[in-house]
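Structures given as structure tokens follow.
One chain, chain A, links the two complexes that follow: it is found with chain B in the first and with chain C in the second.
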Partner chain A sequence: MALADVCGLKTNQLKNSFLSDFGGSSTHLLDDALTSTTNFTVPYGIDPVESLKEFTNPKSDVKIHFDHGTTTLAFKFQHGVIVAVDSRATAGPSIESQTVKKVIEINPYLLGTMAGGAADCAYWERVLARQCRIYELRNKERISVAAASKLLANIVYNYKGMGLSMGTMICGWDKRGPGLYYVDSDGERMSNNIYSVGSGSVYAYGVLDSGYRYDLSVEEAIDLGRRSIYHATHRDAYSGGVVNLYHMKESGWEFISQTDVFDLHYQYKAEKEKK
Partner chain B sequence: MSSRYDRAITVFSPDGHLFQVEYAQEAVKKGSTAVGVRGNNIVVLGVEKKAVAKLQEDRTVRKIALLDDHVALAFAGLTADARILINRARVECQSHKLTVEDPVTLEYITRYIAQLKQKYTQSNGRRPFGLSALIIGFDYDGTPHLYQTDPSGTYHEWKANAIGRSAKPVREFLEKSYTDEVAGNQEECIKLALKALLEVVQSGAKNVELAVMRDKEPLKMLELEEVEKYIAEIEKEKEEEAEKKKQKK
Partner chain C sequence: SILEYNGAAIIAMKGRDCVAIASDRRFGIQAQTVSTNFQKIFEMGPRLYIGLPGLATDVQTVHQRLQFRLNLYELRENRRIKPKTFLSMVSNLLYERRFGPYFVEPVIAGLDPKTFEPFIASMDLIGCPMVTDDFVVSGTCSEQMYGMCESVWEPNMDPQELFESISQALLNAVDRDAVSGWGGIVHIIEKDQVTTTELKGRMD
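Our next item is the complex of A and B:
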């Protein structure tokens, strides 16, 4: 850069861009939109793993503690994938929000859920959306759920040990049928028919496992998803708010409903008393 | 190792040509002929086998390389350059399988090879690859493909094509003889590739190398006896054609 030369600014010192993926190393300071999103300019001489250990080690003196209160779930069945999430965000004992969107719409046929650090999930799933779009343009066909989840898992693996907190489920429908993958910031990537993530997942699993069948109808599956989240919000202090429910079909995802858990509480209570 | 300021070898001429690329295409025209035929459920590659010296070991496979279980490549031009490209393509096939959990499509790997070739026409201090490649195989969904790349980095899909020495007469022969009927019959495809090659190569099974791929089956190099059998059939058909013509007169 000519201005840099005139001012005597040594640009090679600022070149220490950290972990440039997919674009090759950038020698400019946040110049290129293509590479700036995946490059983090780190101060010279700092090793991120070492310096971030204090934040991730529970025994450290640093008292900043990230909470992972949430309940998210997703399951595959004959008519696609049901994705249900709560909407509460907590900071310690305080409820910060009851209206958080924990399902991230990556593109019209891929959904991602948010558990753990909200910023981590939202940011990296947007990077994933960008990569999926580039794949689609280059290869003239939609990316498969397996490939999309693998891209995300490989990206976050680069940051393993640096304090990223993300437990997400990538859901979609591709050539092989409905797809559901669990990806987390430890680098884990697994596929199965049912997943639930978050502090309330234990309660959700109980209800899910007892009611799950592959050959559920669409209405039954929606009810099962909604009921599982409700039960988790009832018992887990860190989950609550509303239940956001999506249905992943062959033609893409469809937003089904947003229901307040208090309404569900009285609805289920009435059903029990009727019996 | 300051390669940043090496003079670029491939620069434009005043009338818009990239001479280095055109010279590379000349190098291709000096290489031994390779022909490819795509049928409806078979793909065939045939190459001209150069006569080996008396003391040299006759290695059967040299010009036809396997890139993955379902992709094969034949080339015309500089053998050493081809080796580099084939190695990179083989790694890319596995890389793709690792990140996307699916085998490469023919179009993808052809695009990769073509992009690689193009990079070398626009790099400091490097010359283009001196080879054209014929890439055959089956996609995961069972469709057969035949692609051709050339030193400039362009690629096209073909039903049948030839590269290397005498590519033009062979291609003309293919244009005359390739029909949908031929495409539908596996034996006819093999014979067409062989006939095309024999147009310009010394007659004899020793001088050609034939490889055949069917969907979900590994690449099969035809044995000498099989090639001789096909040649015998071709000869017989030629005689029958000649007889018919005589009778018409």
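Our next item is the complex of A and C:
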């Protein structure tokens, strides 16, 4: 450490750090998460928020554009949580992919959804998976959804202003029953029964709100989730592809189905005509 | 971008003694799809069709103004207009607005009224005409449509083969574009009949 002192090297650049010594992994899960990821290559000696402003300023030539074109939704009901997402990725008007996996399997009893920057969501939810596992090993019990979502929210809060883009829903089942939290890169963390995130969320909410009841059966809930995503893909240009549906139960999550909205459109049309 | 505000896709292809013109059916305002049966191809004569992709308000205005000019032409000349002459008429209409243009990039497809020779052409928004022997494309997914057309077009296709080619080209191109699609419509123009078919496509 003598050379480091002579050079005046600062061991961390992050604000609000609780660390007092360098190199040891802390007993705080949050510190551990932050220090284990300070292997990011950053320009030496400058304030990250200032230097990263160019990537977030809309008038800048180098602004990183995050695509929020997506529809993801999740809702709690008596039999758990239903999570439904679309699968389209766009770059401007061009459709880059119709087969994106927007549900991230954090561990067998926690799911996260992806909206905003795909890399941001995938990376930080994987960091969250690591921290949840460490919690499990230290405490001999599963982490609660509230704690897991708070960990993620606090991790990204440290990077606030640096241009992360993430709008995710953390879903799980713990001692308190089904859990659903909305967490985003602004540091927002909220819990409620129904959430939808993305450009198509307005259309999904319409269908979701009119059909939602806490005492839905599993089949009705699955149908509602699927229908809501379908309607969003039909009206929103930036959502589409297939509907990936998961059901969070007491025993963990179960992947229910992957349905192409092309088939759903003609199926619902036939149902309407039969009536 | 103004030309991407509403979103559209139009293709015209030449076959043996026939032409085909196809378009998507979406009318949207940026991300929101408002209608799935918006007309972008207009009949200007028994064997003459024009496809107008671009800003929806200009699509309708250009069609109306063009119809006006065409009506006067037919009254004065007492005959149906040739496709090549019609091309010049559209070009003139657009260039008149050189410094405040209509945001449409038309595609013309038709058969000569006397000789029934096939004709296809396209134009940019200020009226530069381009006549080709194979296919023309216009719209928000023009790059995707060029790729599809290059793959499926071959010379001297008969009406059935032409229908299959133009339909596949259109549907697969709009499936790679977020702001066009939501169904399709194809007109196959032959000497003695015009066949119009609605395409079953992805509605997302």
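Here is the rule we use: the second predicted complex is superposed on the first by the 231 of 275 C-alpha atoms of A that agree within 3 Å, B and C clash if a C-alpha of one lies under 4 Å from a C-alpha of the other, contacts with A are read in each partner's own complex, and residues count from 1 in each chain.
Just so it is clear, contacts are C-beta pairs under 8 Å (C-beta built on N, C-alpha and C of every residue); 3 or more make two chains touch, one makes a residue touch a chain.
The shown structure was predicted, so the numbers you read here are calculated from the model rather than taken from an experiment.
Aligning the two structures on chain A places chain B and chain C next to each other without any clash. Touch criterion not met for A:T168: it reaches neither chain B nor chain C.
Once the two complexes are laid over each other on the shared chain, residue contacts for A:S239 go to chain C alone; chain B is not touched. Measured by the number of chain A residues touched, the leading partner among chain B and chain C is C. By the touch criterion defined above, A:T113 lies against neither chain B nor chain C after alignment on the C-alpha atoms of chain A. By the touch criterion stated above, A:V261 is placed in contact with chain C alone, chain B being left untouched.
In the overlay built on the shared chain, the residue A:T90 is in contact with chain C alone; chain B does not reach it. In the superposed model, A:N139 lies in contact with chain B only, and not with chain C. Once the two complexes are overlaid on the shared chain, A:S199 sits against chain C while remaining clear of chain B.
In the superposed pair of complexes, A:L151 makes contact with chain B only, with no contact to chain C.
Between chain B and chain C in the chain A overlay, the least Cα distance found is 39 Å. Listing the residues of chain C that touch chain A in their complex gives 4, 7, 28, 30-33, 140-141, 144, 175-179, 200, 202-204. Of all the residues in chain B, the ones that touch chain A in their complex are 99-102, 105, 108. Considering their complex, residues 139, 144, 146-147, 150-151, 154 of chain A touch chain B. Residue ranges of chain A in contact with chain C, taken from their complex: 69, 88, 90, 93-95, 98, 199, 233-241, 261-262, 265-266.
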